[in-house]
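Below: one structure, written as structure tokens.
The chains carry the letters A, B, C and D, assigned in the order they are written, with residues numbered from 1 in each.
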Amino acid sequence: MATAAVLGASGYLGGELLRVLSDHPSIEVVQAVSQSRAGQRLGDVAPNLERFQDLRLSPDASTVDADIAFLAQPAGEAMTVVPSLLDRGIKVVDLGPDYRLHDPAEYARVYGRPHADTDHLSEAVYGLPEVFGARIRAARLVANPGCYPTATLLALVPLLEAHAIVGPVVVDAKSGTSGSGAQPTATSHHPEAALTILPYGAPLHRHVPEMQGVLRELGAAPGPLTFVPHLVPLVRGILCSIYATAAGPADAGAWEALYRARYADHPFVRVGRVPRLPWAQGTNRCYLAVERVGDAPVVFSVLDNLGKGGATQAVQNANLLFGWPETLGLSRAGYGV
Amino acid sequence: MATAAVLGASGYLGGELLRVLSDHPSIEVVQAVSQSRAGQRLGDVAPNLERFQDLRLSPDASTVDADIAFLAQPAGEAMTVVPSLLDRGIKVVDLGPDYRLHDPAEYARVYGRPHADTDHLSEAVYGLPEVFGARIRAARLVANPGCYPTATLLALVPLLEAHAIVGPVVVDAKSGTSGSGAQPTATSHHPEAALTILPYGAPLHRHVPEMQGVLRELGAAPGPLTFVPHLVPLVRGILCSIYATAAGPADAGAWEALYRARYADHPFVRVGRVPRLPWAQGTNRCYLAVERVGDAPVVFSVLDNLGKGGATQAVQNANLLFGWPETLGLSRAGYGV
Amino acid sequence: MATAAVLGASGYLGGELLRVLSDHPSIEVVQAVSQSRAGQRLGDVAPNLERFQDLRLSPDASTVDADIAFLAQPAGEAMTVVPSLLDRGIKVVDLGPDYRLHDPAEYARVYGRPHADTDHLSEAVYGLPEVFGARIRAARLVANPGCYPTATLLALVPLLEAHAIVGPVVVDAKSGTSGSGAQPTATSHHPEAALTILPYGAPLHRHVPEMQGVLRELGAAPGPLTFVPHLVPLVRGILCSIYATAAGPADAGAWEALYRARYADHPFVRVGRVPRLPWAQGTNRCYLAVERVGDAPVVFSVLDNLGKGGATQAVQNANLLFGWPETLGLSRAGYGV
Amino acid sequence: MATAAVLGASGYLGGELLRVLSDHPSIEVVQAVSQSRAGQRLGDVAPNLERFQDLRLSPDASTVDADIAFLAQPAGEAMTVVPSLLDRGIKVVDLGPDYRLHDPAEYARVYGRPHADTDHLSEAVYGLPEVFGARIRAARLVANPGCYPTATLLALVPLLEAHAIVGPVVVDAKSGTSGSGAQPTATSHHPEAALTILPYGAPLHRHVPEMQGVLRELGAAPGPLTFVPHLVPLVRGILCSIYATAAGPADAGAWEALYRARYADHPFVRVGRVPRLPWAQGTNRCYLAVERVGDAPVVFSVLDNLGKGGATQAVQNANLLFGWPETLGLSRAGYGV
């Protein structure tokens, strides 16, 4: 049994963390931190979280006392609290972007400001368990990838590791609106968002350097990666459609075999037909389907941006940090509809 | 040919006014006013308004020079500009709530502040043409009703005028999110609004005194009126389900006959089966259906909150103010899907 | 540990039953029956049901061998299999309408055909545990109520038992489209359903006699009950808005106290502010809020039509039939978004 | 003034044709044909079509007597009626796929059956006015392109004609559900379609040979064209995201200039920022935006699948066939929300 604190508890990722942890057999939530809702009962903020109705939100991270801290805060905040948490012997899973790049110079270029905790930047392990599981088990600081990189990397790794594709890769990502957080904005205003599709992020989405870095580390860097996210009128869930050029003859069966082999021992990745998004909602599963279109392989990757693309993957990482089975507390079935 | 100015041009009602007027054979828009977007080209603010791409938004109402002004501003602003507009001989259709109640004391009670233009408050005519058409023709200041009262009153008037119902009336209104305007809020944030239904407005919605006042004026006041609006995950359109108690024997045919007779000469009210909301979108039509449920009459009333519940009704009122046919520029068919 | 069979396993209710049971600590699903998908692996029909991927769908009910059978079949089918199931000592929870009325004559009048199993019709217990819990514990055949009656009855019982309301009651129900099942129809065609609200069921919905029967049994029959369901563009979830007339002075606090007292020992009914539908999705919770609108009490009742209005309530009933705690396997938190 | 008949009048494209024609100053609809709803009044089938309430649907095409016939029928039906219509001197705009390919052998390969009217197959002009306007003016039989090819070709032509891109092209298309027609199917069932994104059409969508044929004809054939359509939870509208490789240096300004020059004289193509889908709904406009993502040009193309991708483009073609201005009856502004 381990104790946990959740920072950023009143956001969507924080709420999803609490929901998943309320059901975890070996993690006990002892603290929830939220600046904007400090002092309120969780029962008033998130009545869906039955088990935590009487937990009161704390205002700041300095009092955190737990075996592990989950950080679900806006970009830039994690790096101000991580040093102190680690010093106090608290394991950290950061769901934000602060520790996803290793190189301070690259961080500064991508995020437009210097990193405040370069000491730990290189120490942090990228929390994609299907790729870096062994390193995560040995770590104390995990940089949980976001939803787009998780969906994209899990879809690309098998083809790239097997050198089955060459040249440029196009990632056309479609995401529900919960991915942009709980704060109302003009693009997430219901009358604006409900009847349209909004591509965004040009000319260079911040996730591209992150994904390219991971692939380089694997010795599996593709050609130029064109990544365009689109907001679609859904709340939860992501579908990435990934387009590449086959290195050899077009063979959908052989491509699918690569996926099945690569993920045979990874229970959260499912290979098969194109899934419905509700199957993944609230779960830690990523569904992959590879099809032949013309002579090209096209991979479809589906997950829940708040689940495998966020909170449940953070819990999977916590399981690894504690040396537990990675599926602990994460086995429930997804919805059919 | 008349010239028109639109105040509040960057909001949803203002945009819809411009869209409808861009197609009106006898009204020429010469000015569009918006404080928040002043100085910008309409082509940058609302690219859908093809005809007005080069119209530049003016900052304030003091320079308005036109035959008619449409006011689509937040509550409280109209009463600060109406006196000056009327003094300069400009007809006014106000789409906001400032002039919908006649009595300054009732206004103060309902809106929680004194009225700034009590002189014109009693002069204003309530702009429901199917009820007050004759008065509107003779007016210079029209208080355009909002979407809920338009849908409710058109549905209730035939039964009440014929004394066909007695006792309390329940109005369960369902509205799309465009009704709450272009400003992002917590309740209109897409992840919050898209998957739920939100009743609001208790204990007393501001529209109730307005509707009761109109019905009293008709000598057709019902028993207690319980009105509960609900936000549903739609953008445009309203369905009001209206529940009453029959004064006599239950007879759906006789009830429908009352509606057909009442609206025989009113081309914008359609009586028949329950409509789909897209039929009404962008049009000035209100669709009414009356059914017998058990022994009670239940009336369904559908319109577009930005159309007959807003901008197109304002144009219908303008047509009457100018002595034109009320259908001028308002005859296009609605969408099937 | 008990064994269970699910009949109608390829429908929405059947799928939801399997999802919930896949997580139940004391029920083991040993059989799933589906005529339309007989012979197929559940892994091909419902990939979200991870634990049952290799379960093969059986074609008919005659081979069912289990401690309990959940029947999620079209109306009219349960009564052809229930006698044989009971004869073989199998407990039955029927999620369809076959056993919800006690009187064969009333059944024939409401459903337009004679009942095929009148012997068991009067034996069946109406499966609303918050009302008939004691009887359910002693039963072998439970008629699980549908979504509308569950939402309505839980909302009405406290006011009626306390004689706090008088006269007619209006129930304006709004439901997602999954309530009408997995079979495509003209009204559930996405282009037809996505942008509108569809009232249906006039002149008399089949649920009205069912609800009135239950309330009479409680000695708490209201005046005329006007019930109008509406299809709204949601998939899962119901909101019933219930309008009544207060028997005494309007007092929202006193009304809410009635609800809190009535459901103090019923963990699945939550009394408080108006909930978001996602809180209830996939759970067995019914959220109730009572407000004062004018002088009238208006009750809002929210649940998941496939959850407390269907599959999870069936599992709650099964828990009672086996003498287990009613919350067994049903405690997970709902989604925040 | 010309007379027109609409065949397939009860489908979505047929309904949209009638809506647009009800507003056309020089076309009078004299006949509407529908096998499935023959004999019914249009007022009962499509109450939104105010002007045609009393038009009765005819059962078959043999009695058509008009200057022009619009064919909005299922694939395979047009080729059985076109010879007779042309013989009788009736101009034809076919909104279906029967005449979109020129080569009978290719038709048979793509559609899996021989063509029944090869005489006229080579005569038909592909109805994309921005490309083949001159030929359309001289034609009597126009094969109106579908929504995907219209959106894709208008987006690709400027870059390809200018040789600004090289190598493979990826078209990731997102479409609302009205594109698949009025007939309910499993994939368009609201509970299935509303919460997910469905890629379909692998391994080869029928539109690919059609698009490649047009581009070859222009001497502007790209490299391999990977086209994947996705159903998204919208009703009307398409967004195509088109990914290519620049032939020279990346220069978003230069790319946009190509678009502005190419479409300077084409009023229905708008070049600028990424549009909202409602701007295009019900209109004949195609909105194009070109952006630089990394070093690659990415083009976003938006139109209404029932408008510029269907019915309004058919009317634009009719205007050309009659020698009228192409904008006649097609100038109304789109919706802002």
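The rule we apply is simple: contacts are C-beta pairs under 8 Å (C-beta built on N, C-alpha and C of every residue); 3 or more make two chains touch, one makes a residue touch a chain.
Quick caveat: nothing in here was measured; it's all calculated off a predicted structure.
Chemist: Return the chain pair with more inter-chain C-beta contacts, choosing between A-D and B-D.
Modeler: A-D
Chemist: Relative to chain C, which chain's C-alpha centre is the most remote?
Modeler: Between chain C and every other chain, the largest centroid distance is to D.
Chemist: Counting in whole Å, what is the centre-to-centre distance of chain C and chain D, each centre being its mean C-alpha position?
Modeler: Chain centres of chain C and chain D, defined by C-alpha means, are spaced 46 Å apart.
Chemist: Averaged over CA atoms, how far is the centre of chain B from the centre of chain D? Could you give it in whole Å?
Modeler: The computed centroid separation for chain B versus chain D comes out at 36 Å.
Chemist: Roughly how many whole angstrom separate the Cα centroids of chain A and chain D?
Modeler: Chain centroid spacing, chain A to chain D, equals 39 Å.
Chemist: Which parts of chain B, given as residue numbers and ranges, touch two or more other chains?
Modeler: Counting only residues that touch two or more other chains, chain B contributes 12, 178, 191, 195, 233-235, 276, 278, 337.
Chemist: Show me the residue ranges of chain C that touch chain B in the complex, using the header's touch definition.
Modeler: The touching residues are 168, 170, 172, 174, 191-192, 195-199, 202-204, 208, 224-228, 230, 232-234, 237, 239, 241, 243, 245, 252, 274, 276-278, 291-296, 298, 300, 337.
Chemist: Flag every residue of chain B that touches chain D in the complex, lowest number first.
Modeler: 12, 15-16, 19, 22-23, 46-51, 178, 235-236, 270, 272-273, 275-276, 278-279, 281-282, 287, 306, 331-337
Chemist: Flag every residue of chain C that touches chain D in the complex, lowest number first.
Modeler: 12, 176-178, 182-186, 188-191, 193-195, 233-235
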